[in-house]
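Notes follow once the structure below has been shown.
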Amino acid sequence: MEFNQELFTPIQESERISSGIVRPSITYWQDAWRRFRRHKPALVAAAVLLVIILGAIFIPFFYPYTYDQQIRTARNLAPNLQHLFGTDKLGRDLFIRTVYGARISLSIGIVASIINLTIGVIYGGISGYIGGKVDNFMMRIVDVLYSIPLILYVILLKVVFQDSIKAAFETTFLRHLKYLGPELILIYIVLGSVYWVGMARMVRGQVLSIKNNEYVLAARSMGASGWRIIMRHLVPNTVGQIIVTVTMSIPGAIFTESFLSFIGIGVSAPMASWGSLASDAYKGLASYPYLLFFPALAISVTVLAFNIMGDGLRDALDPRMRK
Amino acid sequence: MTRYILQRAIAMILTLFAISTITFFLMHAIPGGPFTREKPLEAAIIAALNEKYHLDDPLFKQYTDYMGDLLRGDFGPSFKFRGRTVNELIGAGFPITARIGILAVLVTVILSVPMGIISALKQNKWQDYSFMFLATLGVTVPGFVLASVLIYVFCVRLGWFPVIWTTDASGWLAISQYILPMIALSGYSMSFITRLMRSSMLDVIGQDYIRTARAKGLSEMRVIMEHALKNAILPVVTYLGPTIAALVTGSFVIEKMFTIPGIGYQYVDSIGNRDYTMIMGSTIFYAAILIILNFLVDIIYGFIDPRIKIGNIKEA
Amino acid sequence: MNGKSMEKNNPSADVLLDIRQLETTFFTHVGPVQAVRSVDLVVERGEAVGIVGESGCGKSVMSMSIMGLVANPGKIVGGEILFNGQDLAKMTDKDLRKIRGNKIAMIFQDPMTSLNPVKKIGGQITEVLHLHQNISREDARKRAIELLRLVGIPSPESRLDQYPFEFSGGMRQRVMIAMSLACDPDLLIADEPTTALDVTIQAQILELMKDLRNKINSSIILITHDLGVVANLCDSIRVMYAGKIVEEGKTRDIFYEPRHPYTWGLLNSIPKINIEEKERLVPIDGQPPDLLKPPAGCAFAERCPHVMAICQQQQPPLIKAGQGHEHRSACWLNHAQAEAVAAPLFAAQTQQDKLEGQA
């Protein structure tokens, strides 16, 4: 086969056709944010949660009714223009009670998870850092805790301390906390101090892997750049995992609290969490199903949103999926 | 394998001991003692009661007495229901709860394992989407909501099943009153296990040994049944323990809603009644049952996973 | 232009596998990725062919295509795979299953994960026997023991009832080999069989395979990225790059007289230990092209130090190169009109070393 002889001249570097652009190197967080943005369901979920949280904070300032306001003439009304979710048997507006419920339930979810996180980080951090026999022993305890039905102890702790905490609130400076109330604080503490086990395990695992990496780096005597590597790669990985775990434990806390309230061991009247709203509604289920529907919907949507957003975060923050 | 069983058995005994102790001391930390009521009783009566129940003994003596009784299986008298012991009450309630629980576990496993497998095999097709939709509902909608919906639809509107429990029922009533509680109880677990089975199956199918099996000329059906399944089922077996735990806690709510006189109902009731020995006894009983069941599940798992059966625990 | 061979061997009765213009594409959600872009490959009976190339060049996909095991979303989109007179590319899965494990067998890269962890070794071997042969349980067991002995596993009778985790990596790979030979396949495809193993174990497995070659009648296709592995074992070599074969020929030709810049690069990048001065490792600059949008011309052009204008415009066909009878290279440098370019001295020296090493 004959060709134009010119085709056989060598090419200079500058004339080379190059395919593919070298992608600019970006940081872990930029990459994670990029990936999260692409995960549409997670974005929707995050938006929904934002709406719920903002609503919970701000709606009561604008709404004409309060959560404990009883309107005798408006008892047992089905949803209408004045009362978006209807009213209960005492004439209380269900919509605003659901919004207050959001405050209670969400705060429980978030505060309990943060307490879990704190205890878990301390316990897991110490266990992983010290290592050896101490670590072994501490993890044995964790294993034992894992096999116990912790819900029983949540209930027990609440029952045991609910009187004392009420007394403590009345006699000390804490009586100045208006909306919270002793019972709610107790629930924060109880939920937070029982469910830290999963967090501890995870943190310990991360600490162990950081430790091992550190030794490898030390062995190579990289000096200062070793720290940079730890900061740029290992710590973001750990923090990413922690963010995901916390996000995923919030719906669990909300679930647990609503369950407790439903059987009467959570917050009590007139304060309304979604669980206690559902509990009240159950009694009149046959005639007024909407009283149950709205709090139940609130719980489900919130839990679902947290789960989906958590999934999205997990994918976005997983270092193995970095492009 | 023997080492494994022994390890687990020792852990179990220590845990039982620990929870009994913790429960005891927690209960005795309640201020005011068991006889403080809204309307306080006369001091003399309280004193007499305290003496009767040895509540004026030093705490440590009460503890050792209690533990001694426990070892003999005696949970003590009920403070609420005079003349009846905690043992009696639990003995009456447990069989009912157990029956519903066992049914729920069976239904859960029988339904969700195949659903999970089908979902995995038909990934992203309509079967997958519909099963996953239901499963997602099941894990995000709280159990009591599911139960309420079931009650509303099937009891109030359709009238097919009774809401209220009848002890000593017979015939169709005896059977039908189990159905809704069983479904309501298994809702969460079924959904969770379906999702777990699906992801486990998907994970296994992507493994190298499945590729090897196909390269040997096995049909897809045989690859799934003989190679994939045995591996995919392992995480589900591991999850049986927590499943049982979930069923237990579910029982509190379900029994309350359907007025079933099982130990869940009694437990919730005793909290409201401040029946302290009952609370203590129920807590320890519940925890013990779960710990023992977990132990049994661990043993079953040991038999299924050859890495544990042969004793090479490092690989497991 | 597709890489059509300019000269074909006379078709002989010795041909076992004849792949013609095979094209396999993965239809991913970002677009179609052409993993195998027209490959011709002939394997004769009893021949050991080495396929060499870096990750992503399409060598594994090609071997999976032969077996009809290309994973979703990949599909064979063109060409023929003639085996014993049948075109495997057009066969139904049902018929292909009769061939898999039976006439064509495959062993994979990672022995740690290629065996079912919850099934006994014996069962996994007898499974393939029962599948393809009408054989009794005792006979299958006997055969399995025989096979384990063949691959050098001591006390095979008791090892038969053990689980994979009770074997080391090298042992597991031997089991894989035993399993693949169970039904006396005509063709054995070994996809990077030693890559995941320690160097010493690698050597053992390669020895085993050399040994087996003398005992069995199978042809072998050995896929690897390591030139050292093929030097020892294979009769002929195909070098693959970006989904195509860029050089083919007898092993001696490729090592003594490589005629493609990519092959030079591969030979150059092997670290040498018997050099007087300290030499830097010479890697090949750049990356393989994105097979989502393969370049119009030669795929190696953007990395090639000897690139010419025609290279960027037209894909070179396999052109006769060098002295060897079946030596061909898909490089315009071998065209009559191109200026002669000598292979780097380093590569030439490498051949000497290999020669000396083999003597």
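Per-chain numbering from 1; labels A, B and C assigned in written order.
Criterion: a contact is a pair of C-beta atoms (placed from the backbone, for glycine too) under 8 Å apart; a residue touches a chain by one contact, two chains touch by 3 or more.
A quick note: this is a predicted structure, and the numbers were derived from the prediction, not measured.
Q: Any idea whether A-B or A-C has more C-beta pairs in contact?
A: A-B
Q: Considering only mean CA positions as chain centres, point out the chain farthest from chain B.
A: Computed centres place C farthest from chain B.
Q: Would you mind pulling out the distance in Å between where the CA atoms of chain B average out and where those of chain C do?
A: Between these chains, centre-to-centre, one finds 55 Å.
Q: Report the inter-centroid distance (CA atoms only) between chain A and chain B in whole Å.
A: Each chain reduced to its C-alpha mean, chain A and chain B end up 25 Å apart.
Q: Suppose each chain is reduced to the average of its Cα coordinates; what separation in Å results between chain A and chain C?
A: Roughly 50 Å, centre to centre.
Q: In the complex, go through chain C and note every residue touching chain A.
A: Its residues touching chain A are 287, 289-290, 293, 295, 301-302, 306-313, 332, 335, 337-339.
Q: Can you name the residues of chain C that touch chain B in the complex?
A: It comes out as residues 67, 69, 97-102, 105-106, 108, 110, 113-119, 127-128, 131-132, 163, 165-166, 176, 179.
Q: Under the definition above, what is the set of chain B residues touching chain A in their complex?
A: Checking each residue of chain B against chain A gives 11, 14-15, 18-19, 22-23, 26-27, 29-32, 136-137, 139-145, 148, 151-152, 156, 241, 245, 248-249, 252-253, 256-257, 268, 271-272, 279, 283, 286-287, 290-291, 294.
Q: Please give the residue numbers of chain A that touch chain B in the complex, ascending.
A: The contact residues of chain A facing chain B are 143-144, 147-149, 151-153, 155-157, 159-161, 163-164, 167, 251, 255, 258-259, 262-265, 275, 278, 282, 285-286, 289, 292, 296, 299-300, 303-304, 307.
Q: Can you check the complex and tell me which residues of chain B touch chain C?
A: The touching residues are 207-209, 211-219, 226-227, 230-231, 234, 304-307, 310, 312, 315.
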